[in-house]
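Structures incoming, each one as structure tokens.
In the two complexes below, subunit A is the common chain; its partner is subunit B in one and subunit C in the other.
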Partner chain A sequence: MARTVTVRLGFTGDTSDVKLVIPDEEPTPWQWGDKFSVVGRATPRVDGPLKATGSARYTYDIDLPAMLYGAILRSPYPHARVRAVDLSRARALPGVRAAIERGEPIVRFAGQEVAAVAAVSPAIANDAVALIKVDYEPLPFVTSMEEAQKPSAPRVFSDRSNVAAPSVTETGNVASALAQAAATHEAIYTTAVQTHVSLETHGAVARWEGDELTVWCSTQGIFTVRDDLAVLFNLPPDKVRVITAYLGGGFGSKFGAGPEVVIAAQLARAAGAPVKLMLPRSAEHLATGNRPSSLQHVKLGADRDGKLVAIELVEQGSGGIGGGAGSAGPFRTLYRCANVRTEERDIYVNAGPSSPMRAPGWPQGCFALELAMDELARKLKLDRLEFRRRNNGNPVRAREFDVGAKAFNWEEKSRAPRTAGTRRRGIGVAAAAWHAIGSAGPQAQAIAFRDGRVAIRIGTQDIGTGTRNILAMVAAEELGLSPSRVAAEIGDTRYLFSVPSGGSSTAPSNTPAVRQAAAHLREKLFLIAAPMLGAEPGDLEARDGMIRVRFEPARAASFVDVCRRIPADSLAAQGEHVPNYAGFRHDQAGCQFVEVEVDVETGIVAVLNVTAVHDAGRIVDPLTARSQVNGGVLMGIGYALFEERRLDPAIGVMVNPTMDDYKLAGPLDTPEINALFIEVANGVTNTGVLGLGEVVHVATAAAIACAVYDAIGAPVRSLPMTPDKVLAAIGRA
Partner chain B sequence: MPGNGDDQRVHRLSRRAFIKGAGAAAAAARLIGAAVPLPAVEVADNSSPNPDGAIAERLGPGAVTIELKVNGAARKITVEPRVTVLEVLRDHLGLYGTKLVCDRGACGACTIHLDGHPVVACMMLAVDARGHEIVTIEGLGTPDRMHPVQAAFVQADALQCGFCTPGMVMSIAALLEDNPSPNIDEIKRAVAGNICRCGTYPHVFNAALAAAKSRGAKPKGGNA
Partner chain C sequence: MAQGIEHVFCAMLRTKTAYWRTPEGRRWFEPESSTACYTCLLTQRPIGPDGLPANAQTCGPDRGCFKTDD
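After this line comes the complex of A and B, so read on.
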């Protein structure tokens, strides 16, 4: 059965009453103006002490009795036929317990898995890998997008072209709009391949007990890994258990059972003992995914009033032997325009496969579009923020532009002197968007124990965003407790199903299920409390650790006293994420303002400060929300200035698969970051909570590029903006 | 040790790659004693005269039994000379808080204290740590009894996935021993060698400032 509720939705200055039809089992969605005792308050994460003391146990820290260590032999060739693999010398090494072939007749990138061993120590496993003899027949290869498109280029896959069929969209008529535009801009923008560099590498510990497989896995999706392994080993899913208590980063690269997870399970079965297989750093760069490169041919046109009349993107990108390199999202979404045409094309080369990475396609596209916007604004002699305001169609972002410009001092900084000696300052602004409002499917349990403890159980995982914390906070809000009294138990496929942690979907997908479960538990506790208080269950409320009669706070029992009356050991209730409601908005906006300083003698760019304005529906914990903004910005600085997977075209191998030659942003590269949130009551779920992981990363590199352009007077149309490119641009200015 | 958490210190002990390549016995005989003064250690059948006639130590290639002082306790272990301090902590002593991330001294995740100074445990052979005081993240505090720096990290949310956190905490704790009231630039330099992919640095700086403040209110050496 369903009921109709009227809720106030919107954001500051723009709220309205909206009718929603919701299932009976659903609590009324949180709405504009609701008062909270837990939600919205900065709350240090509940598992912080475990992490700060080194007590949190990651997959990499799992140690089982009689556990063996696995190691993988990888192809040194970017393209080769594997004619024979001789494992005999590896098997003969004392301490080796299993050796297996991967069984792929062709390897297509340097770093692809060929064989693997398990041994009693990591050192012996590595020694054994060196003893494996492989007879390779090297084949012609190609590592650059440009070369790959030549008719004479070696084919990455024998059965198809290196150039995939394009994905094309068009609304209106871009060609004629461009012909009639008052001002146009056309340029090519490129971005390099970025790797995820999760600090905990990919890997797993696999243990067989009969035909039951338990895998501790460094993954963002425990149920995805479970289902992948069940299929591969021909097991019913309930014979596979996947555990991820703590996860040392993923950023999109750790969704399913990758080769290293499968190999760990194969070795464990072959050896008859548990096997731990965590990848070395080099393999993490080579084989576990990356953000594809891009080459984006952009055309923009505007009328005399500074309104965009045409947007065109013709893009090609390479995710190595993988696809998904498209960058059109921002071109189709960020600005209002009647004529938009996008064309995306994957190019295959002999390099490691791409995988989703933090807002796949968006940082690339946002960089190209936003720098092009600045170049067109210059032709129109328009302030760049004003140009964006005129073309913005999102009321939340309009407010974010206002709030951000004020906090950042956009107008004052626009007028300030730019040059001091060899250093020039510049400012830039870029817009961001994302579109994850969570998916139905997750189911949660809320359990009260007779001693007053409460546990939330749900098969999600914490990628580092503080999942346990926000789930505990949501349950605590519903039960009138402090979050420290709620244990959020996650990371085990023995709990009820949840979705993978990707695309900013963890918070929006799981909080509604947890809230519903906690609400159901509260109703069950009210049935116990009602006779204690001589009241009807419907007249009770849970607040401040008490269950009490509404409007008569003196008639109350403590939460613990009520739990003592639980007839058995515990009382459990269930909740689920029901299909999303129409609500207020289904997207989220954002914008980031950046100030940089460029040393015109060295070409070195320093990011001085960032004002990041974002909405994520209802912010559950502003403290961990700020952490996510910091993270998106810092990764964006790395993408803008440092990060690039470099392949040697002559031998087809990555030359910087380390953490010193592949440079991430570090403490000394960290600017002042001012994170501001626009709260939006969106009513799309019972919590209206959205994720922040993607949207906080989309605009950073773009805004830095715009600020560099402002500083030096010439655009650097290629990421990363390394000193050589910056100096070349200064030379052109 | 002069200065205030100078990050050179983190990268100072960088002989491991060379030692691994050169062969443990020969390299150890040549190098041990050259950089870090070591106390006399009795290792049966492992000594031989060097060309100068003095007794130089020869270790390996097989396993040798050594004693390390870790978190105040003497621990005896039998390891090949090629094994690093990091591997000993994790694979032999069950101290999993110290993380391996880059395996070449580039990220700071395995930072420990050696005689009170931050060093990266992936770049130091276990045999070279004999006679030195090692403190790991576990030796600093526990979830129930956190060191002020650990408590400040939790309060400031100076951790996300948490994998870099033990190394960050060790770097900041060592800084505050040297320099009880650092400024923001000194804090940044102290963790310059600690890489966080989640990008949590601003909160690390906040935590360090807060820890310095909270320690200032307490007698020196007092734990939370």
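After this line comes the complex of A and C, so read on.
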């Protein structure tokens, strides 16, 4: 059955009453003006001490009795026929317990898995890999998009073209609008391949007990890995258990059962012993995914009032042997325009495959669009922020522009002298968008024990963003407890189902299930407390560790005393994330302001400060939210200035697959980051919590590029903006 | 996520959205997406067992390695 509730939704200055039809078992969605005891208060990570002391057990830390160590032999060739694999010498090495081959007749990138071994030590496993003899027939290969499109280019997939069919969208008439525009801009923007560089590499520990498989896995989706392994090994899902107590990042690259997970399970079965297979850093760069490259031909047109009349993107990108290199999302979304055409095309080359990476397609598209916006604003002689305001169609972002500009001192910095010796300062702003409202499916248990402990159990995983915190806080809010009283137990397929941690969906998907479960548990506890207090269950409330009669605070019992009346060891309730409601808005806005300093003699760019303004519905824990912003901005700095997978075109091999040679933003590159949140009561779920992982990364590189343009007077239209590119741009200015 | 288009995909085809389910319980594919990265579960790579690309456009019943959910 369902009921209709009226809730106040919106954000500062723009709220209204909205009727929602919700299932009877659902708590009324949190709304604008609600007062909270726990939610919204900065709460240190509940698992912080475990991580700080090294007690948190990541997959890398799993150590089982009689455990073997796996290692993988990878192709040194970017394209080759595998004529034969001889495992005999590896198998003969003392300490080796299993050796298998992948059985694929052709390898298509340097780093592709060919064979694997399991041995009693990592050293012996690596020695054994070196003893595997492979008879390769090297084949012609191609590593650049330009070469791949030539008629004579070697084919990545036998007789198929290296150029995939384009994805084309158009609204209005772009050609006509461009012809009539008062001002136009046209340029080509490029971005490099970026790898994920999760701190914990991909890997798993696999153990067979009869026909039951247990896998400790560094994954963003314990249930997805479970289901994939069940299919591959022809097992019922309940015969596969996947555990991810802690996860050292994934950024989209750790969804299903990847080769290393499958190989670990194959080796464990072949050896009759548990096998641990964690990838070395080099393999992480070569074979576990990347953000594709892009070459974006952008045309913009505007009228005399500074309103966009045409947007066109013709893009090609390469995810190596994989696809998904599109970048048109921002072009179709960020700004209001009647005439928009996008054309995206994947180009296949012999390089490691793409995989989803933090806001797939958006950082590269946002970079090209926003830098082009600045170049057009200059032609229009318009302030760049004002140009964006005139073309913004999102009321939340309009407020974010205002809040951000004030906090960043946009106007003052626009006027200030910005040259000192060889250093020039510049400022930039870029918009972001995303759509992280979560989805139905997750189911949670809330359990109260007779000693007053409370546990939340749900089969989600913490990608590293503080999931335990927000789940404990939501349950604590509902039960009137402090978060420290609630244990959030996650990361095990023995718990009820939840969705993978991707698409910024963990918080918005799981918090509604947890809130509903906690609300149901509270109702059950009220049934126990009511006779204790001589009241009706409906007259009770849970606050400050007490259950009491509403408006009669003296008639109260402690939460612990009520739990002592549980007529069993524990009392459990269940909740689920029901389908989302229409609510206020389903999208997210966001914008980031950046100040940089460019040394015009060396071409080195330093990011001085970032003001990031974002909305994510109801912010549960401002501390973890701020951490998300910090992480997104830092990754954006790396993307803007340093990160690039470099392939040697002569041998088709990545030449910088280490953390020494693949440059990330480090402590000395870290600017002051001012994270500001616009609270939005959106009512799309009972918590109204949205995700933050991706939207906070979308605009950073773009805003940096705009700031560099402002500083040196010439656009650097290629990421990463390494010193050579900056100096070349200065030379053109 | 937007509603995916309903047509028949190989049971071995994987992509991020396909780890979610539609309201009808099917794997969630968005063939129109230009950012979807596909893999074949059998190879764990964006290549089918037949050596051709694995994606929502090509992994249909007309392919020799096609498998159903049954």
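In this section, the second predicted complex is superposed on the first by the 732 of 733 C-alpha atoms of A that agree within 3 Å, B and C clash if a C-alpha of one lies under 4 Å from a C-alpha of the other, contacts with A are read in each partner's own complex, and residues count from 1 in each chain.
The rule is simple: a contact is a pair of C-beta atoms (placed from the backbone, for glycine too) under 8 Å apart; a residue touches a chain by one contact, two chains touch by 3 or more.
These numbers come from a predicted model, not from an experiment.
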{"item": "Partner chain(s) touched by A:Arg160 [first = subunit B, second = subunit C, both, neither]", "value": "second"}
{"item": "First, second, both or neither for A:Gly583, with subunit B first and subunit C second", "value": "neither"}
{"item": "Touching partner for A:Met635 - first (subunit B), second (subunit C), both, neither", "value": "first"}
{"item": "Touched partner set for A:Gly464, first subunit B, second subunit C, both or neither", "value": "first"}
{"item": "Contacts of A:Gly428 with subunit B and subunit C, given as first, second, both or neither", "value": "neither"}
{"item": "Subunit B versus subunit C as contact partner of A:Ser355, first or second or both or neither", "value": "second"}
{"item": "Common interface positions of subunit A, toward subunit B and toward subunit C", "value": "none"}
{"item": "Subunit A-facing residues of subunit C, complex", "value": "1, 11-12, 14, 16-17, 19-21, 23, 32-39, 41-47, 51-53, 55, 57"}
{"item": "Residue numbers on subunit A that touch subunit B, as the complex places them", "value": "44-45, 47-58, 60-61, 63, 121-123, 196-200, 246-249, 251, 280-281, 463-466, 623-624, 626-628, 630-635, 658-660, 664-668, 670, 672-673"}
{"item": "Residues of subunit B that touch subunit A when the two form their complex", "value": "80, 82-83, 87, 90-91, 94-104, 106-107, 109, 136-138, 140-144, 146, 150-151, 153-166, 169, 188-189, 191-205"}
{"item": "Residues of subunit A defined as touching subunit C within the complex", "value": "104-106, 108, 112, 157-158, 160, 164-165, 167, 221, 224, 228, 231-232, 252, 255-259, 262, 289, 319, 321-329, 344, 348, 353-356, 360-361, 435, 439-441, 499-500, 502-503, 579"}
